Each structure stands twice: as C-alpha cells, then as structure tokens.
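Okay, got some structures for you below.
Each of the next two complexes has chain A plus one other chain: chain B in the first, chain C in the second.
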Partner chain A sequence: MTTIVLLSLLGLITLITGLFTIKRYILPIVVSGLLVVFAIHTSSISIINENGPMFNNMMKFDQFSILFSGLILLLTVLIVFQTQKFEGETDIPLPELLTLFLFAITGALIMVSYTHLVMLFLGIETLSICLYVLAGSRRSELSSNEAAMKYFLMGAFASGFLLFGITLIYGATGSFHLAMISAQIQNPAIANSPMLIAGILMVLIALAFKVGAVPFHFWTPDVYEGSPTLVTSFMATVVKTAGFAAFFRLFFLAFSHTPPMWNQTLWVICALTMTLGNITAIYQNQVKRMMAYSGIAHTGYMLMAILALNQVAVSGILFYATAYALATIALFAVFITLQKNYKLDSIESFNGFAKKNPFAAFVVAASLCSLAGIPPLAGFFGKFYIFSLALKQQNFWLVIIAIINSCISVYYYFRIIVAMYMKKAMDEQTIEIDRMSYLVLIICMLASLVLGLFPDLILSLNA
Partner chain B sequence: MENGISTITQIIPPNFYLILSSLLFCIGIIGVLIRRNIIVVFMSIELMLNASNLLMVAFSSYRSDGAAQVFVFFSMVVAAAEVAVGLAIIVMIYRNIHSIDIKELSKLKW
Partner chain C sequence: MVSIFYFLSFLAVISAFMVVIAKNPIHSVLYLIMTFFAIAGHYVLMNAQFLAVVNIIVYAGAIMVLFLFVIMLLNLNTDAEQNKSILIRLTGIVAGGILMITLIGAFKQVSIVKDTTFYASGQAYDIGLVKNLGNTLFKEFLVPFELSSILFLAAMVGAVMLGKKDIK
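So, the complex of A and B:
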C-alpha cells in the first residue's frame, strides 16, 4: 500500500520537475526514488504490519505480491537507466517519459496484489493506458503510430472481454472477491453453470491477450516492432511479468477448484503457444520481431507453471520471469545502440559485432544462451525448474513438447551469435556503448550467472 | 424509487437483460472485426464496454448489492481515459497519413 502511494507520488514529482530546468537531475531523482521505494517495500514486510487485507478487502500484500512487486521495481530501474541515451529517440520529453513508466508500474503493482476483480481491471487499465502512449511516443514515425493504434485497439478489445467476463462471473457467483468466488465455485451447480463458464472463458481470453498467448498473440510482433526499442524492452519484461502474475493470481486464488475442463484448455493453449512462437521465430529476419516470437514461446513455458497452480509454481514463475527479463533487457540494451548506428532492424546489424565491442558481444551471447536454456546461466535453471514442476503434475507430453521446442529455439538464438562471431562486419568502425548501458549489461550478466549457479537466492524467498 | 425498481425486477426476469447485453456485446465485436473506419471501430469497443455496464447494473439490482454499481463508475472512468488516449492516437495518425482507414495501417507485417 505504501509502495503504491509512494510510486504515484514519485510519478507526480517527476512530472513537476519537468517544469524546471533541472533536466540533469531527473534521472538520478527517479532512480534513487525507485530504489527508496524498493527499500521501503522490502522492509515493510517485517516492520509495518501491512500484510492484511486493505481497501475493504480489495487488495492484499501477501508474499506473492511482495515478491513480484519487488521484481517489477528492480526491472524498471534497469529500464530507466537507459532512458538518457534514448531521449532523442522519442518525441516525448524525458520527464514525461519517466512519469509514464512510473504510472505504468503503479498499475503493474496493483495487478500483482489484487484480491478483488475491480482492482484487476483497474490495474490492467492503468498499465495499458500508459503503454498505449509509450508505444506511440515517436509521433512523427508511421510505424510507431501504427503500433500504438494496433496496441490500443487490441488492448481495448481485450478490456471489453475482461469486463464482460467479470460481469458474468459476478452474475454467477454474486461476488467480486476472489476468496468468495473460490468458495462459490466449490458448489457444482454454480461451477457448471453456463454463465460462469462463459465468464471464465472471456477473462481467460482477455488475459491471454495481455500476456500474448496463442491464439491471441498476433498483435505482439507488430507492436514490438513498431514501438521505440526501450518501450519494447519494457513491454517484453515488466509488462509480461505483471501480466503473468495477475493471470496466476486469478487462477490460484479464485479458480483453483474449477472442473478439469479448464486445465485441458490451458494445456492446449500452452502447447500451441510454445510451438507456434518458436516455429514462427525461425523465419524472422528482424531482431524485434524475432524477440517478440521468442517472448511468445517463453509465455508458453511460463503457462506450464500456471497449470500446476501451487505454492511451488510461484517460485517457478518468479525465477523464470527474472531469468527471461534479465536476458531480454541485456539484449535490447545492446540492440538500441546498434539500431542507432545502422538504422537497421535486421539481424545483419549484429554482423561482426564481436570485433567491434567484445564485451557487449559476450554479454549478448550469454543472454541468448540463457534464453535458450544453456547451463550454467539462469535460463537453464528456470526451464529445469518449470519442467520438473510439470513432470510432478504428470504432464508428461507437455514436457516433451517443451523440450523439443527448446531445441528449436537454440537455432534462432544462435543465428545472432553466429552473426556476431563469424560474419564479416559491414564497416570497420568500433561501436561505443554509453556508461549507463554498460552498467545495465554488467548487472544483467552478473545476475544471470549468479542466479544460474545459486538459484536458491530467489527460490528461498518464497519459503 | 425503491418500489419502482423492485416491481420492475419482478416483472422482467434477469435473463432478458442477459440476452440484451449479450446482443449488444456481439454487435460490438462484429463492429470491431468488420468496420474499417477507426472511429467506428472505436465506437464498437465502447458498445462492448457499455453492454457490460448495463448487465452489471441489472445483476446488481437483482441481487440488491451495491458492489456492481460502484464497479460501473470505475469502468466508466476507465472508458473515458481510454477515449482520451485513443482519440489522441487517431489525431496523431490523421496528421501523418491524412486518413483514418484501418487498411492504411499495414506497414508492419512479416
């Protein structure tokens, strides 16, 4: 609760500082503000007794929400670090850009701590409305306009489904509280009523839209490609994590006693998402589109944890989301610089990069290995953990599909590595990366390595 | 006023509201899928949101529970915020391509 209030205040302060000519200090203010919020957030677990239900039982800051909010705050710090070099890339001034990021994660924090469907709706909308603006923040460029428009129409369409689904669930169970819904669903007459089934289906569609799961994934590649790259990086990491946490929380707290039909539906969505994401990614030539499809594939892996629906699955999703986000942020941090240099979106812009900037090339290669799931990096352990979780649930075939998919994904991740280390560069000039990005790269690299070697650092948080 | 609502709820069964809202919702979906003018698509989305609002209020008065009516206020506020951003995006696009036809926006494809 304090976290959300402080974050909104920080957003307002950032907006006001834009009025004054203290541009140099804005980034330090926001970064230190975020770190202070994070510190208060983590200390509030033990010091203030905040863990009870609040706002008339509409939100609850339990362990789940504290862990995911912490992750979201830290990932945002990594994104915000890169805004300086990004400033010329958008038509939005820096303070407004940062404010939008801050308000967006306020929505994300609500999404991970709701216990009432109103808060789910409000959280998703707060996040999405900021993102529509961010996606279109390069006003003069047509691709950015198109991305904003597509994202907006698809997002609003999905919100319509979400709202109608919530209404039908309310009609069937008579409550918006997750605990009450869960109690009502235990009654078979309600659990099998067509109104509830239609309601859950619509909410499922809306959430699948938000996390980009097949068959509602088609907007992701277009939006990722058209948006400014930093915003893409934000969408692929922070927003996806928040969407997943909301998805999991809803099914964990409200629908864990639903008939097995829903598990089968999720099973099919999960298998399709992995397969389609990976196979389509092979054919992509543009880095951002490839990363969009790879993100869809990773959504599929994370859905496997939602199938399990228990306390262990929380650690699984948390770990996987961390590993995926660290690798993705590092890759995009380098790609932003390359894109600026060559004005190219294709994989060719990585050609010969190992000679031009060996350190950055090494970090990119390590991140890609982490995404592909090669030990000892964090991505390997994340996959291992989620697959073993699915095996415990007897989802034997799903694990086989997932492993085949992991093998396929190695192919397209290694295309970039091959381009960096074996292909000839287009020109001779070296590529310099600014200090802030170096910092981000070092943090991401170290974190993936440490988490890969000592996964208990995160897993023990959710004891 | 109290009496008025309760007599109406006695005469009209809730399924009528359910059918009406579902119809409105479906009209909204069809509008989003087949219309090419962005503004009309936009209006169709509003129709979808308002169909849910209508159903929410209907359920609320049948259950005589205020929670859903409060939700309607929230969803109206959210819809207004969405309209503000959405219209701004449409204006931005119109300035660039002098058209609001959705077919003009097909640069991003694989």
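So, the complex of A and C:
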C-alpha cells in the first residue's frame, strides 16, 4: 500500500511542479522519485510474508504482487528516461504527460495486488483512462485521434463485459473476495451453476481484450500505430505486464477449482492468438503494426502460462514479461529516433542503419533475436520455460503450435535485421542517438544478456 | 409488487431496445432517459431509494442533458447513419444472438431463494438507505473509494489536456 500511496503522491507533485517554470528538474524529480519508490518497495519484501489481506480483504501484498509491482516500476523508469526527446512529439506538456504515466502505473499496481473484484475494476479503469488520453496525446494528428477514439470505445465496451461478468460471479457466489469465491466454488452446486460459468467467460473476454488476445485483438494494430511511439512502447510493455498479472491473479486465486470449461476456451484463444498474430505480422510493412502483431503473438505464448495456472507459472510469466519488455523497449527507443529523422513508419527506415550507428543497430538486432527466441538472450529462456511448463501439463499440441509459430516469427524479425545490415541506406548522414536513449539501450541490452545467461536471477525471486 | 416489477422490466427492455433501433439520435436519447427511469424504479423496489435518486439526477439529468447538447451542437439530429454491409450486420446478429442465448441459458437455471433470516431481522428494509450506504462506503469500501479519486483526477487532467485550445 505504501508504494501505491507514494506513487500517487509523486503523480500529484509532478502535476504541481508543472505550475512553476522549473521544467528542467521535472524529469530528474520523477526518475529519482520512481527509484525511491522502488527502493521502499523492495525493502518491504522481507516483511511480506506476515502481510495478511488488508483493508477488509481489498488488497493483499503477497510475493506475486511485490514482484510484478517491482517489474512495472523498473520498466516505467526505462520509459520515463526517454520522455525528454519525446517532448516535441506530443501536444501535452511534459509534467502532465509524466503525471498520466504515473497515475497509469498506480492503476497497474492496483491490478497486480487486488483480492477484491471491485479493486480489479478500479485498477483497470485507472490504467485505461490514462492510456486513452496518452494514446490521443498527439492532438494535431488524425491517426492519434483515431487511436484514442478506437481504444476508448472498445475499452469501454470491454469494461462493460468485465462489470457484467463480475455481477454474474457475485450473483453465483455471493462475494467479491477472491478467497471467498474460491471457497464457494468448492461446492459443486455453485461450481456448475451456469451463471458462474457465464460470468467467468465474460470476465475472460474482458481480460483477453485488455491483453490483446485473438479474437479481441482488433484494436491493437490501429492503436499501436496511431499512438505516439513512446506511448506504444508503454502499452506494449508495462500495460501488457499488468494485464497478464491481473489475469493470472484472478484465475489463480479465484477460479482454479472450477470445471475445465474456461480452460478449453483459453486453449483455443491461446492457439489462435499465436497463429494469427504471427501470420499477420509477416504481411506488415510498418514497424509499429508489425510490433503490434508480434505483441499479439507474444500474448499467445504468455497465455500458455495462464493455462498452467500454478506457482511455477508465476515465474514463467514474470520472466517472459521481463524479457519481452526489455527487447521491446530497446527496439522502440531506436525507432523513435529513426521516426524523427525520416518521418517514416515503414521498415525501410531501418535500411543501412548498421553503417550509420553500429552500436544501436547491434542492440536492435540483439533485441529482435531475443524476441525471436534465439539463445543466449533472455527471450529464448522465457520461451523455453513457458513451453516446458505447458509440456508438464500435457499440452503437447499447444507446444507444437507454439514452436511452429516461433519459427514463423524469425522471418519477420529478421526482415529488420536484413534491412539494417544488408540494404543500402537512403542517405549518407549518420544518426545520432541522445544520451538518455543510449543509457536505456545499454540497460536493456545488458539485462537481456544477463537474464539469458543467468535466468535464476529472476526465477529465484519467486521461491 | 410483482406486477410493478414486470411493468418496469417491460418498460426498461422495450425502451432499451428502442434506443438501439431508433433512427433519430434525439429519440434514442429520450428512450435512454426512459430506460434510466425504469431502472430507478427497480432500485426503489429493492429499497435503494438513494441509488434511485442518484440515478435519476446524475444519469437521466446531467449526463443525458449533456448528450442532448452535444447532439444538437454537432447537428446530428438527422438520420446520418451509414449503411452497413450485410456481412457486418450478419456478424453482429450472430455474435449478439450467441451472447443472448448464453445469458438466457445462464439465468434460466437460477433459482432465487429468499433469505428468510435476513428479512426477519429487518435489515432488508433499510439496506439501501443513505446511512447504511455511507457506512459501507467508508468502512468496507474505503480503499476503492479513496483510490477512485486518482481515477477522477487522471480523467480530469486528460480532459483538460485534450480539450484545451492551444497548449504550448
């Protein structure tokens, strides 16, 4: 709870500093504030096991929530680092932009630590409302307006599904508390009640929408493409992680004893998500659209961990989300600069990039290899871990589909690498990347490599 | 009591249906107001007078007036709906129909058991009063109540940022 309170306070402070003309200090304030929050957050790990549910069972800060909150905070630091160069890209001034980011992750932290369905709804809404605004923050651009509008309308619709599902679950079990629901479901009469099953399916639909799983993915490419690139990178990493954590927490704490009804549904969603995401990504020529479809494909892999639904799967999701986020942030950090230079969205903007900036090109290549799952990078181990998790659950067919899909994904990831190293550049000028982005690139690169070689660094956290 | 329930339900369903099929947006809004009144009637039946009043003031009053304003300001009160292709209509009908079948199937098998001890204790008759609502809100639901202020602040910042004329 301290983390959430501090984070919302930090948001307020940022908002107020916008009143004064000390713009230079805002970014250092926010970054150091986030790091302080993270430090306080990690110091609470030691006392966590005594922490019971808090505030009438509204939230519980268990190991799961501490781990995912930490990941969300660190990823946000990486995103916030890049806001300086990004300032000209939006019509929203820096203080308000940062405030919205901070409030968004406040919502994300609620989403990873709730034990009450009302808190789940509140967290998702806080996160989403900030995102609707951030997606539309380039007001003068039509595509940004379109992204915000589409995201808002569809997101509101999905929230409706979530609420209706919560109502039905309440009707069947008589409680909003995850532990109480889980206890009620032990009773077969309640577990088989059609109202509960309808409720679970509706909540499943809403959460599948939020993480962008097929067939509820239609908003993803348009919203990713239209939003300012930094916001896209935020959505693809922090928001996706929070969405998965909320998804997993709900099903793990409340519905692990229900009949396998939702399991089969999720199986189909999972297979469809991987396949459609990867196959559609092949046909994309724009980097952001391609990354959107690749994000959908990665959603599919992560859903495999939700299908497993045990304590080991927590490590799987945590590791996979970290690996995916690190690679995505690095890729987008370079792409923002390229976009500024060429005013282009297509893959051609990467042509000959290796000659212009060998280091950045190398980091992009490494990130793409990590996304494709090539050892020794973190992405490989993430995939390996999740696939082996599914194998233990006897999900052979799903693993076969996933492996075929991984092979497909290599093709479109390597299109960018080929463009960087083998194609001729459009012009001769070198591309400089600012210092903050270099820092982000180095951090992402090192973290990907280290986590790929020593995955226990993260896996041992969830002991 | 039961006949009032059926009447209100009938009214709510019919007017909600009309909201969707009415061609003129203003008619849609008026039907929506009717739906809200019918639902407020349901709240009264369930002894939640406060919710009923709030529902009418906030939804039927404030929000719907805003709706009407926007529709008139943007001059949308003509039939401006584009013709959608048959395929899209068919998809909508199939998806909506499946959802309806699922829900009807779910609700059909639900049996409502009247909790007699709850009624005998008399709690049922003042459960929706402001006093009890406040107690629940500030005791059990204190955390969501406070955290929703973040949500509203974020929405406010966003609305100002998106609506302001020239920001820089």
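Convention: the second predicted complex is superposed on the first by the 459 of 463 C-alpha atoms of A that agree within 3 Å, B and C clash if a C-alpha of one lies under 4 Å from a C-alpha of the other, contacts with A are read in each partner's own complex, and residues count from 1 in each chain.
Heads up, the rule we're going with is that a residue touches a chain if its C-beta (ideal position, glycine included) is under 8 Å from a C-beta of that chain, and two chains touch if they have at least 3 such contacts.
It should be emphasised that the depicted structure is a prediction, and the values quoted were computed from it without experimental measurement.
Visitor: Would you sort A:R139 into first (chain B), second (chain C), both or neither based on which partner it touches?
Guide: both
Visitor: Let me test your reading of the model: by the given contact rule, A:F55 touches which partner, first (chain B), second (chain C), both or neither?
Guide: second
Visitor: Regarding the shared-chain residue A:I129, is it in contact with chain B (first), chain C (second), both, or neither?
Guide: Both partners, chain B and chain C.
Visitor: May I ask you to decide whether A:G174 touches chain B, chain C, both, or neither, giving the answer as first, second, both or neither?
Guide: First partner only, chain B.
Visitor: Using the touch definition from the top, say if A:I197 reaches chain B (first), chain C (second), both or neither.
Guide: second
Visitor: Output check: A:V118 vs chain B and chain C. Expected answer is one of first, second, both, neither. What do you get?
Guide: In the superposition, A:V118 touches chain B and chain C alike.
Visitor: Looking at the overlay, does A:T106 come into contact with chain B only (first), chain C only (second), both, or neither?
Guide: second
Visitor: After superposition on the shared chain, which partner residues are touched by A:E348: those of chain B (first), chain C (second), both, or neither?
Guide: In the superposition, A:E348 touches no partner, neither chain B nor chain C.
Visitor: Please work out whether A:G160 is in contact with chain B alone, chain C alone, both, or neither, and reply first, second, both or neither.
Guide: first
Visitor: Using the superposition on chain A as set up above, list the residues of chain A that contact both chain B and chain C.
Guide: Common to the two interfaces on chain A: residues 118, 122, 125, 129, 132-133, 136, 139, 148, 168, 171, 195.
Visitor: Quick check: in the complex, which residue numbers of chain A touch chain C?
Guide: On the chain A side, the touching residues are 4, 8, 11-12, 15, 54-56, 58-59, 91-93, 96, 99-100, 103-104, 106-107, 110, 116, 118-119, 122, 125-126, 129-130, 132-133, 136-137, 139, 148, 168, 171, 193-195, 197-198, 201.
Visitor: Residue numbers of chain A touching chain B in their complex, please.
Guide: Per the touch definition, chain A meets chain B at residues 118, 121-122, 125, 129, 132-133, 136, 139-140, 142-143, 145-150, 152-153, 156-157, 159-161, 163-164, 166-168, 170-171, 174-176, 195, 221-222, 225-226, 280, 283-284, 289.
Visitor: For a test of understanding, state which residues of chain B touch chain A in their complex under the given definition.
Guide: Interface residues on the chain B side: 14, 18, 21, 25, 28-29, 32, 38, 41-42, 45, 48-49, 51-53, 55-56, 59, 63, 65, 67-68, 70-71, 74-75, 78, 81-82, 85-86, 88-90, 92-93, 96-97, 105-110.
Visitor: Taking the touch rule as given, give the residues of chain C at its contact with chain A in the complex, in rising order.
Guide: 102-103, 105-110, 139-144, 147-148, 150-151, 153-155, 157-158, 161-162, 167-168
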